[in-house]
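What follows is subunit A paired twice: with subunit B in the first complex and subunit C in the second.
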Partner chain A sequence: MRKIISFTVLNFLQGTREKIFWLVSFFFVFILGVTFFIGLLSVGETVPVLRSAGLSGIEVSAIMLVVFSLIFNFYREKDSRLTEFLLSHFSRPAYIAGKLCGYLLIGLFYIILAGLGWSLVLVLNNAFSFSIIPALFALYLKVSIITAVALAFSCLFSSYTMAFFSTFFVYIASEVSRDALKIISYSQHSSLKPFFKGLYYLLPNMDKLDIKSAVAFNSLPQPGYFAWIGLYAFIYVLLLWSLATYIFLKKEI
Partner chain B sequence: MSSSILSCQGLSKRFGSVVALDDLEFNLEPNQLFCLLGLNGAGKTTLIKCLLGLLQPSSGQISFKGQPLCQQDIQNHFSYLPESFQLYPEITSKELLWVLSFGLGKSFKDALEALELVGLADKSDKKIKTYSRGMLQRLGLAICLIKKPQVVFLDDPFLGLDIMGQVAMIEVIKKLRNQEQAVLFSSHILSQVEKIADSVGIIHKGRMLFCGKAEELLKSRKAVSLEEAFLKELSSQ
Partner chain C sequence: MFFSYLTENRAKADKQKFYFVPDLKYLSLASATHKTFLGYLFFIRGILDLNEPFPISINRMDYLLANFKAAGALEPELTRAYFFGGVVAGKNQKDSLKAIAFLKDGSQQKPGNWKFPFWIGLNYLQLGDYSRAAEYYQKAAQLPGSPNYIKTNLIFFYYKSGEVNQGIAYLQSLILSLDDKKIIELVKFKLDWLQRLAMLEEKVRQYYELYGKYPQDLEELKAQGLISQIPEDSFGQGFYLDKSADSTRPRVKSRKVWQGN
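Here is the complex of A and B:
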């Protein structure tokens, strides 16, 4: 456990002090500024627009941060032989667990920071509501799943580019899979339906974790719903972590 | 029973059809400074990686104190300093040592002692990205020493170091011997190897051509320097 904590702290310190962290934060400030002006232009719909656009901004920037930072650092450590160096002191499962926990912590830290900035914009526009807290929680679950996906792909592929594009592919596919399933349900080819249904359940069900519209219009789901999505994300991350550990154990460094 | 701390018998490693290590045998004694010599691509790093479990040998056996080597032995008793490695650039060496000593279950005092040993105690508050190659090597060595390993592996520790850096590194390696730690290192700088190594192993195309005391090599090859003996050994193949 000490080894995992140790790796978590190292990844967190490195990840939050890198340029990419501050670049993404700056990008989010820019999004906040745009959100503010969109809110001003959306007469009569200012509150939903501010809430929805702000949440989207946090989601996009948080996912960019964890994916870029995790994949970049994973391959940098491998290329610069830091992984070899660390593995003479720590076990492979501890290395992977520490990396995952470190980036889950970075994602949480960023979402808290971005959430505070966003809350400030909402307060200035009289649009603040405590419903943003469960919304940020649901968003963090999404980011956690994508973090675990990025880690699994980093362990699987020997190429930075492959890991990067595969992670983004999974993210986009999981975002649109619900709509794809709806389109397929109208299709004449019934043989395709089980395939797409299987694919939908295999990919992370991001539609279940997306409560942006509910927050925008103050119609939050019941608390029990959050417990379920929390459990879903936990199991999904756990499976991906197990997969990443298995692949990493088999790899020659 | 063998007194060797680390030994390998019939060790081979293949990457597809390429034979990187071919039926290698050698023993590392406690308190010994053993140097692996060989041309680029001879198999020195592959051997070290096999001994550290980073690569899976295709065949052969590795023993630690007479018992088959396991992952736990590697983590508890071995340390490795790779060639031209990097550390976390945005962290200070003090932070790094603090976190790693916690992870290794050692006190921060042990870590600071290791930093003192490599002569970096006064630079501990600086971020690692500001360190020179030589300082980075010494910091890496300090990390290796936190857990007081029984065997230290150094892959080309003099690479990229200026003469002062090389001298400093030699001093640290000598101190390791005084602390009763076995050191297995590889190097291309034979003049430095000659000064410190107790024994040498010459690897060529994955095979161990010679393994023994440096003086024996000089005697058998009728050479006046290690460089001459090494070249004669290679040319005899």
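Here is the complex of A and C:
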């Protein structure tokens, strides 16, 4: 356990000191600026625009950060034979668990930082509400699942590009799966419906973790909803962590 | 900077604006869980283009409505998109008809929202169809959250459309449903006025049955003993007989009421 914690801290420190962390942070500042001006252009709708645009900006930038940072570091350690050195000190399950926890912490740290910057913009525009805290929580659950997906693909593929694009496509697929299922339901290809339904339940259901619209219009779901989505994300991350550990145990480094 | 200044008017590419709104089905798919934000982008696009000049090949109203429809479809809470599309965007009667169809579509998705029938009524008012305006204003008045002025001002449309008895029936039922004494007094005041107008119209009809022709003015009703005196017009500056409104029969109207005459 101590080894997992120390490797988590190591990954966290390494991840937050990297250029990519600050690049993404600057990108988010740019998004905040755009959000501010979009808010000015939306006649009488400044509050929901600032809230929805800010949340979308945090989500996209946080996903970019964890996916790029995790995959890049994983393969850099492997290519520079640092993984071999680390595995002489940590067991393989501890290595994977530390990696996952480290990047989950980086995601959390980034979301807190971005949330503070975003809150400042909201306060300046009289659009602040404490409902953004549960919104950031839901958003963090999404980021956590994608972090675990990125880790599983990093363990599975020997190529950096394959891991990156696979994660990227899983993210896109999980984002659009609900609407795709709707289109299939309305189409005449009823035979495809069970397949797409199965695919929908297999992929992370990002639509269920999304409360951007509810936050924009001050209609937050009941507290029970957050417990359920928390449990859903926890189980999903746990499964992906188990899968990543299994693949990593079987793999030659 | 110098070269940028020099090329300011010389090296401009022949830019064309892209007047395209994707099919809602695919737009919804592509926007994934960012529908609210994307909906607002279409809303802003529509607002920014409201006063822009359009090429002849582009139908201004269709394009604007497509943007506002996309905004409303992506974020159902964005009712303001329907306001801009259904009320602000139209410039002529043809546009008003399109706006009505657009608002009816929105109304089907949000049947409990009083604003949709209210805005539809507003378009019919612009088209001069007071009967339809009254119909939709009445629908709006019956929905929860509608302001009281819609309920009380409906009389104007019944008056303009010539459906005075329908207006009386509506106001009588409205009084029964109200709790606020001040509003009840206001409605009663309007009801009295409409009942006086209805009484005069009835006397004009009786005059026609008795003499086979319509009176020249309301004084004739008094002269023939059908009324003891012309009732007071509490809203305008006196009732009169208008022969220009309807070629088949004259109608009793209120002088200078609501600037309508």
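As a convention for this text, the second predicted complex is superposed on the first by the 253 of 253 C-alpha atoms of A that agree within 3 Å, B and C clash if a C-alpha of one lies under 4 Å from a C-alpha of the other, contacts with A are read in each partner's own complex, and residues count from 1 in each chain.
Here, contacts are C-beta pairs under 8 Å (C-beta built on N, C-alpha and C of every residue); 3 or more make two chains touch, one makes a residue touch a chain.
Treat the numbers as computed from the prediction; the structure is a model and nothing was measured.
Novice: Following the superposition defined at the top, how do subunit B and subunit C come out on subunit A, clash or fit?
Specialist: They fit: once the shared chain is superposed, the two partners occupy separate space.
Novice: Which partner does A:23 contact after superposing on A: first (subunit B), second (subunit C), both, neither?
Specialist: neither
Novice: Please compute the subunit B to subunit A to subunit C angle from C-alpha centroids in the superposed arrangement, rounded to the nearest 10 degrees.
Specialist: 170
Novice: Have a look at where A:243 lands relative to subunit B and subunit C in the superposition and call it first, second, both or neither.
Specialist: A:243 contacts neither subunit B nor subunit C.
Novice: Now for A:207: first (subunit B), second (subunit C), both, or neither, which partner does it touch?
Specialist: In the superposition, A:207 contacts subunit C only.
Novice: Applying the touch criterion given at the start, work out whether A:179 contacts subunit B, subunit C, both or neither, answering first, second, both or neither.
Specialist: second
Novice: With the two complexes superposed on chain A, say which partner A:48 touches: subunit B (first), subunit C (second), both, or neither.
Specialist: second
Novice: Classify the contacts of A:216 with the two partner chains as first (subunit B alone), second (subunit C alone), both, or neither.
Specialist: A:216 sits against subunit C, while subunit B stays out of touch.
Novice: Given the touch rule stated above, what does A:14 touch, subunit B (first), subunit C (second), both, or neither?
Specialist: In the superposed model, A:14 contacts subunit B only, not subunit C.
Novice: First (subunit B), second (subunit C), both or neither: which does A:38 touch?
Specialist: It touches subunit C, and subunit B stays clear.
Novice: Report the closest approach of subunit B and subunit C over their C-alpha atoms in the superposed model, as a whole number of Å.
Specialist: It comes out at 35 Å between the closest C-alpha atoms.
Novice: What residues on subunit A does subunit C touch that subunit B touches too?
Specialist: none
Novice: Within their complex, state which residues of subunit B touch subunit A.
Specialist: 49, 52, 54-56, 71, 74-75, 78-91, 95-96, 99-100, 102-105, 140, 143-144, 147, 153
Novice: Spell out the part of subunit A that touches subunit B in their complex, as residue ranges.
Specialist: By the definition above, subunit A touches subunit B via 2-3, 5-7, 9-10, 13-14, 17-18, 76, 80-82, 84-85, 87-91, 252-253.
Novice: Which bits of subunit A are touching subunit C when the two form their complex?
Specialist: 38, 41-45, 48-49, 52-53, 55-56, 59, 172, 175-176, 179-180, 182-183, 206-207, 210, 212-213, 216-217
Novice: How about subunit C: which of its residues touch subunit A in the complex?
Specialist: Its residues touching subunit A are 25, 28-30, 32-37, 40-41, 43-44, 47-48, 75, 77-78, 80, 84.
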